[in-house]
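Two complexes, one shared chain (chain A), two partners (chain B, chain C).
And now, the complex of A and B:
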């Protein structure tokens, strides 16, 4: 395939990766920003979202869209509730101590993964997309003597993949609106800025924490529900999104939402494009190298603010 | 003063004997069998991919093994002894694979190890089996057994290897589908076997491989690789394994739409996947290699019918109890046949216990032609004792009305190649 269409196709594929990555990474970033908790179990909340989506789709039956819409609502809520419960029962009791929360969330990772293996099993299972038309992209080129529209094979994307890109964009706008325009967002920002002062002003910090942890996990689950009709639900699927989300959050600046979204776009697109033209391994190498460079030259991340 | 030395009195001797008898009665069960070892079950360590990327194969390898063991035990077992399967999950992980082999030999006291499929696990485990002198019967397809990379204790007598499969397929592909081929394969040992041997085989047919697209085994989305397929490709050759296979085939269909080259795939890209899954309609008219045809063919032999029923698979290749649970039919016969070969080998060598392991290896090495039978429902085979590799018939099927219909069967001679190793020269 020629360079032009090839590049556009890679960009579109990268945009799907970026969309889901942005949701996952914003969840991680939110939790770190407000609670200062490095959540190693984040990838498992993502995996849980996909697995629950499969269960919901199985139970609902009928037209695939019904099951998918139900999963879109139920999976993030269930995962969010589970995460909030984990916050109240575990993280609160270790007083959000940075080292201990890392160990606790590593433990949580294994517990969730093994419980999923014991109940859901080791198989990869698909959820049917609510709709999935093949959208042919227009392409023009010279044929010997005349200029006309061509249809090179592969020069297309599915309508569902386009939907994922737009849906993720809409959810991210929602998160931004929540943080910037609502009372709960205000409480979160206040807690993020100064926990002790927020407590002194009567903000129920513990409840805010449980909510933030729940929302963070719910966002990861939402990303997984969106991706599961493209890929499949599998108990080991949480590993890669966790690593990529950490890369994104470090580059974007821990706790900075705009930085996270921008970094997710950058990493998602570069992953799509570099793996097409060179190799997927090179894409990962460059992303990790970028993390190293950011940590050396701008430790607070591209959009982060330096803490004293 | 003279010290009195007590002699052994009759009463004293009786006491000692009574004590020894009581002691023997209290020994653990295993020790009591010391006198009656021949009635103890033969322990076969089953290295099973229950979890990890090989889980679908592990599930069906397990069911096939269970069915074969039931049949053998009902027929009186091996040398009058029952078979006992000791299954251990290796997580489809080479490191855990080696640990499992260690457990078979040292913890469970297994007579042999058996069952491994994924080539990287075989490569990780075989050296340990060789060191422990544990006969290790693999049901993989990698060329590493016959290439001489492993050792005398590793054998592959129940399933053919990639080199012989692709060599036998290449003439059909070049004559019927096209000569300009693009290959897509997983980026590890098994995929590299496909890359190397099919490229050589198609060149021998006067064809050429335009592009080789290697995909990392952990990859979950594939569309971004497909634009590398050159437009003058006549045949797309694909083989993919693991939990992402459905995604792979589906995205392939989305990519080509109603255009695209002829498609020839190894059934590995579709093992345990229902052909009628949404998004796979484009497979209609495409071709697949099958070790054993998933759909019952019109001329299915009585042996295959028996086997199909014994492992609980219906005529579409799905589980009798759950039609959505599709089997790994093209590979799992290897477990059934390997267990029957272990039986034949142990009977030929008069195998009585771990001390006879070397005799067992020599007995299997002495095997040659294996006729089609209940023990070999996939078809006749020819074992090469020097390379420890079996050769057999291969099938090409075409998807017609959502069924895999066999269109070509190769001869055993099509699959043969010159020996690359002689394991019989290695010490036992």
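And now, the complex of A and C:
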């Protein structure tokens, strides 16, 4: 097989991973940046998004696109509301103390996982993609004497995967616009910069926290809805994105959204590309070691500012 | 440092009770307590770094697995007998802990968490990668004939119980001694205010390095014994889950108390054991219990005892 087409294919597959990862990680990064909360249950919000998407798709019926669009709206809202409720009932009462938050969110992880297992069951279930045409990747090469386009089988990607990449990009632009251009974004940034000062200026910090926690979880759920037509919904699916999102958030620099997106691209693409050309396990070993070493020598991450 | 009579009495008392329990417990609980004692040793090791030095590691499974595989692989492939294999496991853990400490201690806070997590994950993947020797996820069984330590067959429940008790006693008393020593006091001071300790002229880096090696070595000893006593080594023991377990046990039992790791392990183990007898939803109960504990007993069980009843509890 040729190197060029492989590389393009690996890059596109990696871009799909990166897109979903970016959504999940930006959610985690928001929560981390604004609230200084390490949310171990973030992966479970992702999983809930996928599971709810399956339920919604089942209930709506008709053309797969209808169910998918409904899921795209409903799942993030439901998950966001759940997360906000968890914030108000639990996290607020332990005063966002770092260690206790970790334990509480691990507890939450167990509860969500078990409840999903009890209601949804252990099976992995697919959601049908709204559309899934194949897009042939053009590939040019020399044939004997003339330069022409070759389209051998296999070098194609579903249009849905391209859609995932663009959808994630659009949502991320929306998040950026919200943070940079709207009043609620301003309140969030003020809370992030100095919680006490924000309180003194009459910003309802507790409500901002609940909102941020909800939005963070909602973004994870959105990423999951986008991925279910490619990967099935399963009650244990939250573990891997949690780990990856953590890596991305740290590499990108704490609380830095551009850093997070860039790191997601880097991790997603390198994972896609390395595992095509080398053994996937070896690729993962090298990637994790690299991440560890980057942090050893640049603890503030790529875009973070050094704090004590 | 002087050790109060009450303190010594309490901690030795626990060991005596555990020793005596062997003669009254039914077989099932005897096996459970043996397992809890080995896992609690792991938590004791974790507590030295997390509870007393204030460094939150998410990579202790690396040390646990280093002990387990250092022991298991030398038995399996180098024909070691259990005693040298145990030593090999413990030495492997100490070396890995020292190496990781040299790198990870350059960072602090969240970066430290992630660096330890990353290296542990790389270790876990390495176990999978060398599946030819380690049998990866599936793991390998250590045959009964390879588990006879000084003529004592560890497959016998009583022998296993006493081996676990011996390991736990050593780790437990070692940590009690450590935290009351000058070195341990300095670690607690580092946890409370590292800047100030540094200004007083202490080499905080060397102290943290020592804490991490001690913590990793005890964790590796627990891993080595776990593999030997229960005759199995598998990649699961190197996964993230096994890094989170000791954190949970220590937090539940009370971080920064000598008794905490044991109390937490015992509590969590029996919570899951008992509730899985009643319902299949034991994770639900464990989850709710975790949330409830953080809400109502923020310092863990022993931590609450120290806060409300006995201020001097080490």
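Couple of notes before you dig in:
Just so it is clear, the second predicted complex is superposed on the first by the 302 of 308 C-alpha atoms of A that agree within 3 Å, B and C clash if a C-alpha of one lies under 4 Å from a C-alpha of the other, contacts with A are read in each partner's own complex, and residues count from 1 in each chain.
By definition in this document, a contact is a pair of C-beta atoms (placed from the backbone, for glycine too) under 8 Å apart; a residue touches a chain by one contact, two chains touch by 3 or more.
All figures in this text were calculated on a predicted structure; none of them were measured in a lab.
The superposition on chain A brings chain B alongside chain C with room for both.
When the two structures are aligned on the shared chain, A:257 is found in touch with neither chain B nor chain C. Of the two partner chains placed around the shared chain by superposition, chain B and chain C are both touched by A:281. With both structures placed on the common chain, the touch criterion links A:10 to chain B but leaves chain C unconnected. When the shared chain is aligned, chain C comes close enough to touch A:104, but chain B does not. Applying the stated contact rule after C-alpha superposition, one finds that A:164 touches neither chain B nor chain C. Once the two complexes are laid over each other on the shared chain, residue contacts for A:225 go to neither chain B nor chain C.
Contacts of A:38 after superposition: chain C is touched, whereas chain B is not reached. With chain A used for the fit, chain A forms the apex of an angle whose arms reach the C-alpha centres of chain B and chain C; rounded to a multiple of 10, it measures 60°.
Once the two complexes are laid over each other on the shared chain, residue contacts for A:123 go to chain B alone; chain C is not touched. Once the two complexes are laid over each other on the shared chain, residue contacts for A:134 go to chain B alone; chain C is not touched.
Nowhere in the superposition do the C-alpha atoms of chain B and chain C come closer than 5 Å. Common to the chain B and chain C contact sets on chain A are residues 117, 281.
Within the complex formed with chain B, the chain A residues making contact are 1, 5-6, 9-10, 13-14, 16-17, 64, 117, 121-124, 126, 128-129, 132, 134, 136, 151-154, 156, 158, 230-232, 234-237, 240, 272, 275-276, 280-281. On the chain C side of its complex with chain A, the touching residues are 56, 103-104, 106-108, 110-111, 114-115, 117-119, 121-122, 125-126, 128-129, 240, 244, 247-248, 251-252, 255, 281-284, 286-291, 293-295, 298. Contact residues of chain A toward chain C in the complex are 38, 90, 93-94, 97, 99-104, 106-115, 117-118, 239, 243, 246-247, 250, 254, 279, 281-282, 284-285, 288-289, 291-293, 295-297, 299-301. Across the complex, chain A is touched by residues 50-53, 55-56, 58-59, 216, 218-221, 223-229, 231, 243-244, 246-247, 254-257, 259-260, 277-279 of chain B.
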